[in-house]
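Look for chain A in each of the two complexes below; its partner is chain B in the first and chain C in the second.
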Partner chain A sequence: MKRFNALFHKEWIEAWREKKLVWLPAVILLVTLLQPISLYFMPTILENSNSLPPGAVIELPIPSGAEVLAGTLSQLHTIGTAIIVLACMNVIVQERNNGSLMQLFSRPVNTTTYIFSKWTMLVLLHLGAFTISYGAAWYYTNALFSDVSFTSVWKSFVIYCLWIVLVITVTLFVSTFLRRSGGVAGISILIVASIAILSTVMPDIAIYLPSNILNLATEVLNTEKGTVHMGAVLATTIAFIAILLLTMVKKFEKSVKF
Partner chain B sequence: MENTVTLLLPIIVIQFLLLIIALISCIRAEETLGPKWVWIVIIFCISIIGPILYFVIGQRKDAYK
Partner chain C sequence: MTMLEARGLTKRYGKHVAVKDLNLQLKKNECIALLGPNGAGKTTTLHMLAGLITPTDGMIMSDKKVLIKDKIGFLPQYPTFFDWMYPKEYLMLAGTLSGMTKKTLKERSLHVLEMTGLLEAQKRKIGAFSGGMKQRLGLAQAIMHQPKILLLDEPVSALDPAGRIDVMNILENLKKDMAILFSTHVLHDAEQICDKALIMKSGQSISYENMKEWKGNRQRKRYRLETSDPLQIEGLQKLYKEIDIKESQKIIGTLRHNVTPNMLLQYCIQQDIGIQYFGAEEKNLEEHYIEVMEG
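Our next item is the complex of A and B:
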């Protein structure tokens, strides 16, 4: 536990030095805030664009608060996922390449402690950033559109957190066996995208898989309660995360033996 | 009109913050991956994505100790 604390502390210091502690929350906040605000200004934007013929009448229905928040989540699902992968791709690879990993493991440090300190730090950082941005998006939605109840926001928040943790775990998993950060980003995005695509390719199976998380969160926002498949999706996601973590630790142990 | 400004203020502030932090950390870094002036130009000219690019691939980790 002592070693874990030391490594954990080191991770935060490093995140501060890289300014990840600042830019990651800022970028995620930007991505989430842009959705409600741009939806709010959509009529004005359309009015001022010159590409419309004179006399054209566009009537946009005002979206409900739940729809706006769901849009925010789907925005995060595309851009946010890419940002998370980019933010996580360097953590192990860079240390391996500049030799500090060798130095670290010449001391009595357990690979499990090492991986878990990194994982915990990344999860806390991303979930913190997501909490701030989702809260801000909720505030804006309530102010500009209709009110969304706290229970549905809270439930969708918890459901979507699992997706973020999954993306982080996949990226860390890939970075334990690749040596280039570009490769890590590519493969991780490929894996995450194929998980997401499953819901359109095999809809029957995918309702039980993590690919359904976004749909679930949207549904919870709209109806305040999840479908029957909610438990199954959450269970498979957690199982998936656990399996990835275990194999990652095993694999990493082998790769750092000299 | 006033409403518009107050609504957009957070976004402008965050964007500005990103730019400033990226610039400071780029200028203070001893070494960046690639020429430093190119990074400064990128941070200035490509809004939002420029600073992110610098933070993700421009920093060299063993440059600061």
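Our next item is the complex of A and C:
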């Protein structure tokens, strides 16, 4: 535990000194807030765009608060996912390539401690950033559109957190067997995108899989209740995360012996 | 007490054999130099002993037990740190990972910084360190947790002459508490502080000798003569039995059976040869190294 704490502490100082602790929440906040704010100003934006013939009348239906928040999540699902992958792609690869990993492992440190110190830190950092951003988005949605109940926001929040954890885990998983950060980013995005795309390619199976997380969160926002398959989706996601973590620790055990 | 023992150590990468059937015994307070050309398998050997790579074959023990990492201090050839850290932070992290208690960490880290001459640099981030300073910090982290065995991969290769002497003095002092094994290309250093030298060539140990012993055991002493004028070799050949090294103003070799050093000196005076240096010559490591490499 002492070793875990030391490495965990090191991760936070590193994130602070390299200012990841600042830019990551800032970027995620920006991506999240863009949706409610741009939707609110959409009529004005269109009017000022000058590309409409004179006399054209614009009449946009005002979306409900739940729809706006769902839009926020879907925005995050594309751009946010890419940001998370980019923020995580370097954490193992860099230390491994420059040799500082080897120097750490000449001490009695085991791979589980090492991987979990990184994983826990990244999960807390990203979930923290997401909490702030989603909270802010909720505030603006309530102020600019209609109110959304706390229960549905809270439920959708918890469901979507799982997606974030999954993306982090996939990226770390790929980091344990590729040595180039570009490759890590590419393969991670490929895996995450394939998971997401399953919901349109094979909807029958995908309703039980992590692919359905976004749909589930949207549904919870609109109806305050999940579908019958909510339990299945959460279970498969958690199982998938656990399997990735276990394989990654085992795999790293072998490959860390340079 | 045998601090570190390797028997039949072998490492294969596919068909390539990096280290083959290496035997080694490092006793308490002993210092062994690991010598050999580039690519001879020195680094691979050190990595195996440090537990960073698993040997294909053979075993590594400490005092007849399995070797544990707490006992080892390791300095890689190119020490790498986290550039955003301060030296003290790295030492404290390293110490914690090696199981040191919080109380001793601070004091010990200052102590090793002082030993390695980095006390004044502790306000700078490691990213701003020069290569030599990184090498010193590498040594500091290796001795941080007071290991029983110190494994160093070319500890002086990145240092300037003054730094090299510093590090060698540090190692000389550390010999009191630790058993040291280090690889180097500087034969002079190895000769100064080491008891034994293990010479490797293409993964195999080709010579493993006790330097102190071989120095004392030489039956016939060799004598070195340096002069201010070019030597007249004909006359000297009558006195020297075997000539090992011959340059225009320098000669080293063993004397004939009934010739004493005084007779050689007398001969030089009679011939009016300007003597610059005259003395007994021990066989040095460099000669031995070249002999073994060619043999």
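For the reader, a short list of remarks on this structure follows.
Please note the rule applied: the second predicted complex is superposed on the first by the 257 of 258 C-alpha atoms of A that agree within 3 Å, B and C clash if a C-alpha of one lies under 4 Å from a C-alpha of the other, contacts with A are read in each partner's own complex, and residues count from 1 in each chain.
Just so we're on the same page, a residue touches a chain if its C-beta (ideal position, glycine included) is under 8 Å from a C-beta of that chain, and two chains touch if they have at least 3 such contacts.
Here the structure is a predicted model, which is why all the values come from computation and not from measurement.
Once the two complexes are overlaid on the shared chain, A:I37 sits against chain B while remaining clear of chain C.
In the superposed pair of complexes, A:A26 makes contact with chain B only, with no contact to chain C. Of the two partner chains placed by the overlay, only chain B lies in contact with A:A87; chain C stays clear of it.
By the document's definition of touching, both partners, chain B and chain C, reach A:R17.
Once chain A of one complex is fitted onto chain A of the other, the partner contacts of A:N98 extend to both chain B and chain C. Judged by the touch definition given at the top, the superposed model places A:S106 against chain C, while chain B stays out of reach. The interface of chain A with chain B overlaps its interface with chain C at residues 17-18, 98. Those residues of chain C lying in contact with chain A across their complex are 47, 50-54, 68-70, 72, 74, 76, 78-82, 84-85, 89, 93-94, 96-99, 141. Residues of chain A touching chain C in their complex: 2-3, 6-7, 10, 13-14, 17-18, 98-100, 102-109, 257-258. Within the complex formed with chain A, the chain B residues making contact are 4, 7-8, 10-11, 14-15, 17-18, 21-22, 25, 48, 51-52, 55-57, 59, 61-62, 64. Those residues of chain A whose C-beta lies close enough to touch chain B in the complex are 17-20, 22-23, 26-27, 29-30, 33-34, 37, 40-41, 83, 86-87, 89-90, 94-95, 98, 136, 144, 181.
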